[in-house]
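Before anything else, here is the set of structures, which you'll find just below.
Heads up, the next two complexes both have chain A, just with different partners, chain B and then chain C.
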Partner chain A sequence: MSCLPPRFWPGLAATELWFDWEIDTWPLLMALLVAMSCGLLGAVFLVRRTALLGDAVSHSVLPGIAGGLLLAGIVLENNDHVFGASATMLFVLGGALAAGLASTMLIEALHKYSRIKPDTALGAVFPAFFAVGVILIRLAARDAHFDQDCVFYGSLEVIGELNQVIPTLACSILVVIFFLCFYKEILISSFDSQFAGTLGLPVGLVNLLLTSLLALAVVVAFEAVGAILVIALLIIPAATAQLISSRFDRVLLLSALFGLSAAFFGSWMTVLLEVVGFETARAPTVAVFAGLQFLLALVFSPAQGLLAQAWRKRALESRILEENLLGSIYRLSGGVSSQGFRLKEIAAPLGYPPGKLGGALRRCRARGELDVDRETFSLSARGRERIAGIIRGHRLWESYMIHEMGAASDHVHDAADYIEHHLQPGLVKELEELLGNPDLDPHGSEIPGAEGAGA
Partner chain B sequence: MTAPPIEIHDLTVSYDQKPVLWNIDVEIPEGALVGIIGPNGAGKSTLLKACMGLLDLSSGWVKIYGDPIEQQRKTVGYIPQREEIDWDFPITVRDLVLMGRYGHLGLLRRPGAEDRKIADEALEQVGMTAFADRQIANLSGGQQQRIFLARALAQESRVYLMDEPFAGVDATTEKTIVKLLEQMRSENGTLLVVHHDLQTASEYFDHLLLLNRRMVAFGPTEEVFTEELLRKTYGGHLTVLSQAGEAIRQSKSGKK
Partner chain C sequence: MSFAELTGEFFLSLLGQGDAAQATINAILGACLAGLTCGALGSFIILRRMSLFADMLGHAVLPGVAVGFILAGSKSTPALLLGSLAAGLLAAALTRAITSYSPIKDDASLGITLSLFYAIGIWLLSWITRAGPELSSQSSGLNHYLFGNPAIIQTVDLVFLVSAAVVVLALLRLFFKELTASIFDPAFTVSIGLSPRIFDGLLLVLLTLVIVVSLKILGVILVAALLVIPPATAYLLTDRLGRMIALSAFLGALSGFGGVYLDFVFGIGVGPAIVCLAFLWLMTAFLASPHHGVLGRYLLQKKLELKTLRENLLTSAWRIGERGGELTAIPIGELASERGEEPSATRVLARRMNGSGWGRFEKDLLVLNSAGQERACALMRGHRLWEIFLQREASLAPDHVHAGAEEIEHFLDSETLLELEALLDNPETDPHGKTIPPGHSKGRTP
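Now for the complex of A and B:
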């Protein structure tokens, strides 16, 4: 685990816009593997609403890493050259796993056996572990070739051979196998662990395995992206996935995919930035890319995106304007005649400036709901059919308010005006049955039949 | 004589060292539709959870057809309280109901076509077929209880423990649930249902278990739904039990 000086790169050339596979293969593979396992695991902890557990574990593994290094220094002192770096790596992994598990168990135990709440336990345990880790790291760095910056920001750049990727590869395979085999146990113990317990499913074991894999994934990610940015990979792709889908299996899959794409495009962006002479570390670019994906999903997600929300809101507003326009003509004409009215006359009862109805007028005309005679507009058969249903809902609601809610008859119009745009057919039917299909509303106006106007 | 569906013997359950249920001793007969009634904090949910083996017992045991619950998991279906799960969880109605099948599947096995069929039938029985592919968020209280009931139906158990299935439901759902409970009982099921409404309790259940930290009475509804027993259940502060519980907690946690 040592950061080499920035790699040499030779000037600008067209080939430089793409990965130089001789150098980039292993760092890219490493980033992809880390991002995928973090994406899968992060999604589970996110839907469990314990996303910050990843944060806690990623900080808590530090004393284990330092302890592993120190221990390796003592045990392997004389025959370091025999075992080489991979033996040291095993010590580091083992230590980190132990520390990660110890911290989560401590958090759980504090919560269970004392009055301390889970969030407090989390906040107390991981900084304590981290602090001890920082001290131990200084100790370990005194006589090891060890760059402390790597711990915090990662060092994807120094990965130059397959050997360095093998622990990460093994971890990713474990994670994937775990999800394939225990999908239903993961789902049910995340959603309703109590019910899972009543079925006799091994909830405790699944949770222990999940936490162990999280600790393992965090440790191997540590080397690649560092203690702080690993949180980005655990949380951001999962949060992005949740914006897009509301099914557990798809959230898992999308989270892994978003992790992969962030790793790929983030790495590529680093290559491109190098070309323009801007040397940067890979891990932060990957994290930034994950963040960009999140922002894109936040805006463009078809289900929950801001754009879709704004679109739905606008569509509703347009519909309400149209219904108000048609409703005004209906009332002016007394519901039956095909008398035409000027725009100014139509807008007046609504309290609108005439210009406000321009768009609605255009859309209703295009749909053939209005007949136009010079400057006046009247309801076509189609328009009358559309608005009769709304008026019917309006008048039924007024009756309901007076008869069932005891409202005064001069207090119901505004409420009905509001709700008429939102009444579903099922509810209208229920109102009809409840009120016994009345013909007149409380003000004595006719309630149009379900079939159309004037029925 | 065959063992009863549920036998509870000298059951005491504590939270934080403090007993909340004292020495419950009861046998539930086969085919009974039992309402558990009692005031808030009487330990109704605790009793169900203890029966399901979800809690550590301070004393006593629970047996299902003569066996510990661990050996009879498939025999007993459970409906938790509605508030106990996260309704924003990314899962569809059908997936939730399918969880009722998980107890019948071995490790590494996924629900198959047969399980899906059972889940869909259960959804149909509670009138929620139209919602099968919807996400569980945005369901009304009544709809939430219906799909919980469907999940229990999918368990195909003989004994059901239900925690407040009538809480927060509309009138139509209430009727549907009552009908289903009757139907499950008539198919020789045994049901233990926590209920909060005294007015309907005597109407819905053929047996009542009156509970307020200790069991006040258990028996056929017409025998135990008496003013005297209800007053004993709801009235009066259980000062002796409270003080005894507090005393146990304090001495066990080393406080004076």
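Now for the complex of A and C:
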């Protein structure tokens, strides 16, 4: 039965490292469903730059949930067994929707009808609603209807049967159906709601449905992950997806996927941690895992990650160094001779210490752009071809600045020095046409021909 | 026990001796100090548009509490404070890093940091409460950091609260000018050689400090409320920063006291009670603030509408007088035909002239006294001077100037009139060829 080497974990069975399906099936399913619907919805709100709406709704539905529970307790007292949990759920849902709506309207009113700024209105209304919710929950807990801790920790652990998962399942199915049916409307209204309006798309309806689904998702998530942790599932997978891709369909899919993976691996992590004696609640572990995914993406994302950015920056810096090195030799040689120069001589006009060019020198030599003769370096044909294009861009830009922008001829060099590394071939062509293909730059230096090494 | 009995007991317990009385007094002192400090600092926070940032920081100190507890092995207050201070600063740094180095926007990065740090905190707390007896026996009451509970305030907490209050108030006083400049005019701050970022940093450190010492009272989720709600209330009540800070600190302390009292009587939890009370003040100010409240602005608007209505009657009367009619007593019928209304409608309007000090409605006549005639003259003069101004200086066609003048006539004061006169060389007639009524020095009848 044990497939792990006993010398690592003496007395440990493989089953302990994996889910115990008899206990874990429903909590895992619940976590997956909640994370998926939150991931999908959260991505839309993130793309719409209203990411904090999830924050808002999750804080402000608390009084609705608690109020609904209290009311259900009063109204359904005698016939609880007739309607059962579904009737209570309706009360809770109704209360949550009403509270969500009320808080949104109050925020709107506060900054519309007074000088209070929108962010202050947000920051004032959420905690106030939450405080009312906490008071109501205390009152509800007094009648022992309700476990206070679940507001914070969620209660994934206590989900033991299919019945408890059904509302969440229904909500997730609704969310998925909504996205399948209204994908186009969501897409267009997220990026250009005016355009969507002119197309005759039901923007208002889509927005209303989105917000209602958000409230619904927050309510069903409440039981699973608590009132505040749901923010993590709404924002973090969506932000992770946005770090990987900037296409709407991919962000949606990735966000749902990251939600699912956080739910799965987070749940698994709880099992594994329990084995090593680190017993934790399941919902926060899922949220922490989602955060872990985000931090990993922040560093390692191929498109936007810190490493990719650093790598691109480094590549650009080395290219600029190489181009400056070749350019310096080109200028020293007057653009024509294949005379060689010492490293010190090359570095001097650039204002670099010679050591700074070492790497660039090595790379240019490896690519055969430099000829080496004892201690001196000269441009090879290939190197001359590469640098002539850059010099051409530089000198065309100087002419452009003087002729078209009216800059003084002694003010253009630095700007051209900077831009020469970034001029695209298309732009150079445009400059040529605009300036009538000049042969000399404003300082009287020759502009190398378009076909490479010039004369 | 009834409400009144409980209230009596609450105030008696303040005078009493023993542990219970001491606990109540500690709770009140703690809540008032937290409210005071949060209120004072919060004024800068909401003006600097850092309200949501404060909300984020409030949630984000939770893992610091947990780590401080784990490292110290007990609820030693300094350890928890140091831990949460570190967590708060780390969260601020992460928010900044996310916005600087990724395409994620400000508000989303606040949401990410908030939920991530909060999740880590809850995760650690869930471990602490389930961990072996050596930790969990110590941990009872750590949950108070979620909702807050001043009943557990001890002398050492009060010492921290007092020191934080002193530090915050002293620094705010010391850098009052600089902070004010950096909030209202960052460009000016730069021009006098100060970087607004230094003051943002100062606010960040003070913010974290205040949140950390207030945690035991309000808990991580509600602490930001005390930093935002009382200042927002004060912002609706006054236009001066100094008064706003004082008012906001007072409201914060008042909510603190009231919260402890409400909890004593109703047992609803101090933190939530404080926040609800503070929010109640905000709603009251929102509705009833004299200048910035909904009600106040409604009354002001009504007053302005009445004034405009009365003044329009005066100008109509003046036009009748210009055509040779009587200006002291104008028949309603004539006034109605001048205004192109039914006489019954004009009658309703004319009745509202009563109490204006310009005249009254009497026997189907609008009777104007000398003040009313003078006002009518000034209005007409302003109206026609403005028409000339629009035509000459703003190059509008003569048939396009009436509407603009109709609106502005109610707002031209004597100083502006003098300026207009000087600018336009005291003209005699307006673009429509009508005589401009003379200024104060000459006669007043048309």
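What we mean here is this: the second predicted complex is superposed on the first by the 392 of 455 C-alpha atoms of A that agree within 3 Å, B and C clash if a C-alpha of one lies under 4 Å from a C-alpha of the other, contacts with A are read in each partner's own complex, and residues count from 1 in each chain.
Operating definition for what follows: a residue touches a chain if its C-beta (ideal position, glycine included) is under 8 Å from a C-beta of that chain, and two chains touch if they have at least 3 such contacts.
As the structure is a computational prediction, the values presented were derived from the model and not from experiment.
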| item | value |
| --- | --- |
| Which superposed partner A:Tyr352 touches (first chain B, second chain C, both, neither) | neither |
| Partner chain in contact with A:Phe264 - chain B first, chain C second, else both or neither | neither |
| Contacts of A:Ala196 with chain B and chain C, given as first, second, both or neither | first |
| Which of chain B and chain C A:Ser246 touches, first, second, both or neither | both |
| Contact breadth on chain A, by residue count: chain C or chain B | C |
| Touching partner for A:Arg49 - first (chain B), second (chain C), both, neither | both |
| Doubly contacted chain A residues - partners chain C and chain B | 49, 242, 246 |
| Residue ranges of chain C touching chain A (in the complex, touch as defined) | 46, 49, 51-52, 54-55, 59, 98, 101-105, 107-112, 114-116, 118-120, 122-123, 125-127, 130-131, 143, 146-147, 221-222, 224-225, 227-229, 232, 235-236, 267-269, 271-276, 278-279, 282, 286, 289, 292-294, 297 |
| Complex contact set, residues of chain B against chain A | 49, 52-54, 70, 73, 76, 78, 80, 84-86, 89-92, 95-96, 99, 102-103, 105, 107-111, 135, 137 |
| Complex interface listing, chain A residues touching chain B | 47, 49, 181-185, 187-188, 190-192, 194-201, 242, 245-248, 250-251 |
| Residue numbers on chain A that touch chain C, as the complex places them | 46, 49-52, 54-55, 59, 110, 113-117, 119-124, 126-128, 130-132, 134-135, 138-139, 149, 152-153, 226, 228-229, 231-232, 234-236, 239, 242-243, 246, 278-281, 283-285, 287-288, 290-291, 294, 298, 304, 306, 309 |
